[in-house]
Amino acid sequence: MGSVGAKEVPVLLNADGLRIDGRRLDELRPIQIRAGPLPQADGSAFVEWGQNKVMAAVYGPREVHPRHLQQSTKAVIQCRYNMAAFSVDERKRPGLDRRSQEISKVIAEAFESVVFAEEFPRTSIDVYIEVLQANAGTRCAGLVAASVALADAGIPMVDLLPAVAVGKIDNAIALDLKKEEDNFGQADLPMALVPQSGRLVLLQMEGHMTEPELAQALELGVGGCRVIHEKMKAALRERYSTAPLAAGAA
Amino acid sequence: MGSVGAKEVPVLLNADGLRIDGRRLDELRPIQIRAGPLPQADGSAFVEWGQNKVMAAVYGPREVHPRHLQQSTKAVIQCRYNMAAFSVDERKRPGLDRRSQEISKVIAEAFESVVFAEEFPRTSIDVYIEVLQANAGTRCAGLVAASVALADAGIPMVDLLPAVAVGKIDNAIALDLKKEEDNFGQADLPMALVPQSGRLVLLQMEGHMTEPELAQALELGVGGCRVIHEKMKAALRERYSTAPLAAGAA
Amino acid sequence: MGSVGAKEVPVLLNADGLRIDGRRLDELRPIQIRAGPLPQADGSAFVEWGQNKVMAAVYGPREVHPRHLQQSTKAVIQCRYNMAAFSVDERKRPGLDRRSQEISKVIAEAFESVVFAEEFPRTSIDVYIEVLQANAGTRCAGLVAASVALADAGIPMVDLLPAVAVGKIDNAIALDLKKEEDNFGQADLPMALVPQSGRLVLLQMEGHMTEPELAQALELGVGGCRVIHEKMKAALRERYSTAPLAAGAA
Amino acid sequence: MSEEVTAEILQTHILDLAAEGRRLDGRGPDDYRPVTIDPGFVTTADGSALVNLGQTKVLAGIKLEPGKPFPDTPNAGVLTTNAELIPLSSPTFEPGPPQPGAIEVSRVVDRAIRAAETIDLTKLCVTPGEKTWVCYVDVHVLGHDGNLIDASLLAAVSALSSATVPAKRFEVADADYPLEVLHRPIESTFVRLGDTIVVDPTFDEERAAQGRLTVATDESGRIVAMQKGLVGAFSPDDVKSVVRRAFVHGDRLRAQIRGGRR
Amino acid sequence: MSEEVTAEILQTHILDLAAEGRRLDGRGPDDYRPVTIDPGFVTTADGSALVNLGQTKVLAGIKLEPGKPFPDTPNAGVLTTNAELIPLSSPTFEPGPPQPGAIEVSRVVDRAIRAAETIDLTKLCVTPGEKTWVCYVDVHVLGHDGNLIDASLLAAVSALSSATVPAKRFEVADADYPLEVLHRPIESTFVRLGDTIVVDPTFDEERAAQGRLTVATDESGRIVAMQKGLVGAFSPDDVKSVVRRAFVHGDRLRAQIRGGRR
Amino acid sequence: MSEEVTAEILQTHILDLAAEGRRLDGRGPDDYRPVTIDPGFVTTADGSALVNLGQTKVLAGIKLEPGKPFPDTPNAGVLTTNAELIPLSSPTFEPGPPQPGAIEVSRVVDRAIRAAETIDLTKLCVTPGEKTWVCYVDVHVLGHDGNLIDASLLAAVSALSSATVPAKRFEVADADYPLEVLHRPIESTFVRLGDTIVVDPTFDEERAAQGRLTVATDESGRIVAMQKGLVGAFSPDDVKSVVRRAFVHGDRLRAQIRGGRR
């Protein structure tokens, strides 16, 4: 978001209304989703989304660790979003910084809003997201990967959780920002949708938007989520067709 | 205490025997004590003492955390003395440094010497002291605040614990040093008194004192504590008169 | 090991085939072992080996801490190898660095290979090694000290564990490197032997060696371990003769 | 155990009341609790403010120190926001490393301050690439009765508004001068209780809530930050309606900050 | 509990098979699992490689940054190896500070890279005593089915072999240039299963093992590192025989690295 | 459990004995245990001393390194005291971060060294505001049989007395030279056992104690530090009497330090 004091601001939208990578304002980057790449995990998924590469794995329901987090009426959902040291231009020190901890929290709350946790009291469902290569939108890519991994693990849920960020660049509302757009844009608004109910379980915003812009951004994002939802379902269908013995998802 | 290698040492006692803020050697700074400012806590107190501002809260008797500290025959008393980052001239990094941990320990031991802990086996009495603005004597101000908070929480005790520091400035024994006196003085001796028995449950000293000076300092400090004791009782009386439904103290 | 980019490399072997301290290639540094110097511990030993000074203590079998490490069929063996801040030329920051943690692990695994741990289910045998003065070979000196301490504590074991490092200096295989030899040598190979079976339970190597050199190094090291084994037994005999009431070792 | 049962009964009661548009403390869904602001509360800080929001009590302190700019923003000052949810403030907080809740408050407050350009960071720079003012915003929660985000940002912005740059003390200039505050972002937090969405939740309402939504606005009619939290969901229409309400509360509270103490 | 029982039955079965020279997955004692190497997998890194060793999956990334040399080696660059055994990769890993297992992998990989003089550290030095390249080798284990040491070193050496020094980006030189790799050490790990010593153990074989022995070799016929691990013992003759076998695996895998993707 | 019961019986026994002026090990109330001091025990340190106080065993090591003075004391060296209560030394110590007990020992020892002006910190300064010697006093407790404070200060002061400034090694001067020690503070620790106050408590006496009082004196008849510890209370007259006794023990032990090994 508009780095104060940074060196130069590029043009993000050309005269034809196209973005620096040639996309239209309402166009997603290419997305590939693969379910089940990690046989050790109860469920897993790998997502390539533009230049993001994100791996997710799910373990559980299993014993809660540390023990005192155990809840008598439902499973706790623990999430760890982590970036590899080499996933960004400037090497990141290994370990969870404050940003990662905040993202872990909002993603865990998003999943708690759709998982039937009361079916597994006194257990933990552990969701691990590793960002291997980052190019803006990693929390949404991580959420999509983790959602497919949860389904791959057979965890019962209301619905899959597609997610996407909408932003504002050169005063226009644009879907699915890439890194330069995020760095030099005017706003970033990641969201995750429950397709069935049309409600949002993750929503953050940073930057500047007017109320009409926000309305436009919400509409654009919900539409993007619905496209991504189809890709998630396709990835799971392919997983079941190639691995017929895997445990079924909800 | 006499900062080695520091820039300049001011005159702390003028020709009339008065101190930099006009006090006599045996004079306390103004003290205001308010019991019960924090409704969330089981007991609380706010102390303004000279330019110190200190808040204390007490929770308990309650479950011990972490569990392995639990004692089968009595309550454990845990104390956390902490300074806000902005409470001192040079910003302090948040978190407990070694000084804070030592002070937490001696304050906890002081309270363990007067609380009837054996009445609450397997529980914890948690004492939290937050220094919001510091100007020398914060451990004594914290102790006074915490002692009133313990009474406000209805914890049975032998007695309240008034506390004050005595110091040595320009070779004279002086009551209740303020910051410049503490920085450039020759000794600092904080103490906490059990008024009933006349015994000390907290006593530390740093600097240089002869035996006669120490005797004088102890006498001056005990007298100061007795004055502060009256103010503590007054604060609790006012608390009960304005909040008749609060649980009574011992 | 051959510090890249360091200032100068000394001659480690003279024309007569003697080393910088006058030793032959197959000669150990002087070793003194004292069993039982720490009455607080269940077992202890102090080793002076060349210019190394190492203290070891053993506590247990006792309750496991932290609890979740407890094993239902055997004792866990926990090892903490630590270097005092002043034990090396460049002051070491207090606390366990990665090197110390790795050494702690391989030493614990070495002892687990010989202790009859199944005799003490649900307990911990805690082995503490403190390097007070270091001059190459501290992990072997620590292992020897800890092994004598385990015997002093009466822990039943297959055998004592003598240990020694073999190295390569100026292209020759040499027993028991001292600091300069370790710093400027070409290889370092610490090992710990079970004298009864002739097998190795600790073995590490760093540097450059050919297969024939390795064969020679293993032979030299096993021979060195057998010499050290005698010294360990002598130390324990002396301990029992002077302290007849101590619990007997296996 | 009994605590758990009590909590559950209370939550059910809160939801039942909300279904009738009522709240435990008698407020309506759009009633904010009384706010008092006490700027300059701490004289050791370069700026400070004590905020009471009902029984939620938050103290913010500002410290400014010379330091180095970040390599990628050589012309900008450094701003660091840290919220401490100290165990003194609530029976539910434990001592130890910062919990996710404290980190979320820090980051949401920080984002609002930054996105609203509350202070002009380039004006903090003394020598580009070499020397700048580092501005620490430390938020100390003293009493937790819900809605820490709103109270923390109120305290932080009020503290910044009262701050002095200690240029003389650090020998950067001949005299100290007031820190210039360009914008005053305000966050308004709402929670869903069944079909009702109420503003400024108490601690008990947050525990009963089915989703929390925070919206930060500035005086020029812009949304500068949002954060959905807790378990629960909001429709796009919910979001738009909450944003509308947030502007009203934002404008009212902004007027109060400018006016200083209530 | 049931997990413990299952594990014990499996371990007995593995040992019984080994007594007949057989393994659970049908391999012989000296069969290595198939290896694939995918260099350049991560474009944000200055070098990277994804290695699959059966179902063990390891990603290594290289980052180079200007920094200061250590005072005692003013003419040498700085090399730092760090392996993360993240909880994503195995049901047995917990979040938290690095465990002894992760530290052992880091250090054994680091020793092999260093002793084999994989890269010439003096060439990383820009200005003696003042400025040098700091080379970070970060190893991220994504899937753990045993033998992490071999897979991690394979990934690290492959990543170094694919790395570019970002000299232009950091304004150290006019153009980026490839990082020169002098040697390619390979580690081969063996475990004892009764009287049999097998190469490239799986996760289950490691749990049944009575000792683990890793040998690092380079292309010039030198042993550059060894590490005995786990509970168990090896005779000097065992060690010599394992070293012999390690050279065979080392040469074969080195050829594969040079060839890039399998 | 049985351990708790044994401990309680022992404590009662210690208190009963004390009522008759007797102690478990046959000492009278004012008898200090035998002290041996072994300076120069560790040759890798710039100064060191191993102290045995009965079965309490403490090793102190000094390290001096060039560093930067603190901004507020540009003309003074830096002195840092750190006591490690390592788990080797007592069945009651656990591995992990420093416990309050270790921190108290560090700080009480540090205060005595500092207040007594044991070394002239301004002489450690090489270039005001730029370069100074940093003096690390590391205290390693090897055996804990009570009274760690007295033993630790004895070891620290003896180690400082034996220390050499490594000026040549760090290229600060042409030759190393002895660290000048101006004063030799001694701490004497007492515990209350009922109505009796005894000096130099053992581990068991500390567990039975109803208050601990430490007094540091120097050779010029000054009290330089005091610390009351543990649960319990002292009257002002108790304090004055303890101080009197502390001077006697201080003078005796100071003579022993000057004499070196007992």
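Each chain gets a letter, A, B, C, D, E and F, in the order it is written, and its residues are counted from 1.
One rule holds for everything that comes next: a contact is a pair of C-beta atoms (placed from the backbone, for glycine too) under 8 Å apart; a residue touches a chain by one contact, two chains touch by 3 or more.
Keep in mind that this is a model prediction, so the values were computed, not measured.
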Longest centre-to-centre distance from subunit A, chain (CA-based): F
From the options B-D, A-E or B-F, the pair that copies C-E, where over half of the contact pairs coincide: B-F
Distance from subunit C to subunit B - Cα centre to Cα centre, in angstrom: 51
Chain centre separation in whole Å, for subunit F relative to subunit A (CA means): 57
Distance from the mean Cα position of subunit F to that of subunit C, given in whole angstrom: 31
Multi-partner residues of subunit A (each touching 2 or more other chains): none
Arrangement of touching chains [line / ring / star / complete / other]: ring
Complete ring sequence of chains beginning with subunit B, oriented so that subunit F follows: B, F, C, E, A, D
Residues on subunit E engaged by subunit A in the complex (per definition of touch): 41-46, 48, 55, 57, 59, 61-63, 65, 82, 84, 86-91, 94-95, 136, 138, 140, 142-145, 203
Subunit B to subunit D touching residues, read off their complex: 38-41, 51, 53, 55-57, 59, 62, 65, 80, 82, 84-89, 91, 94, 126, 128-130, 132-135
Residue ranges of subunit D in contact with subunit A within the complex: 4, 69, 72-76, 98, 100-101, 103-104, 106-107, 111, 114-115, 117, 121-122, 125, 211, 213, 221-236, 238-240, 243-244, 247
Subunit A to subunit D touching residues, read off their complex: 1, 3-6, 72, 90, 98-99, 101-102, 104-106, 109, 112-113, 189, 194, 197-211, 214-215, 218-219, 222
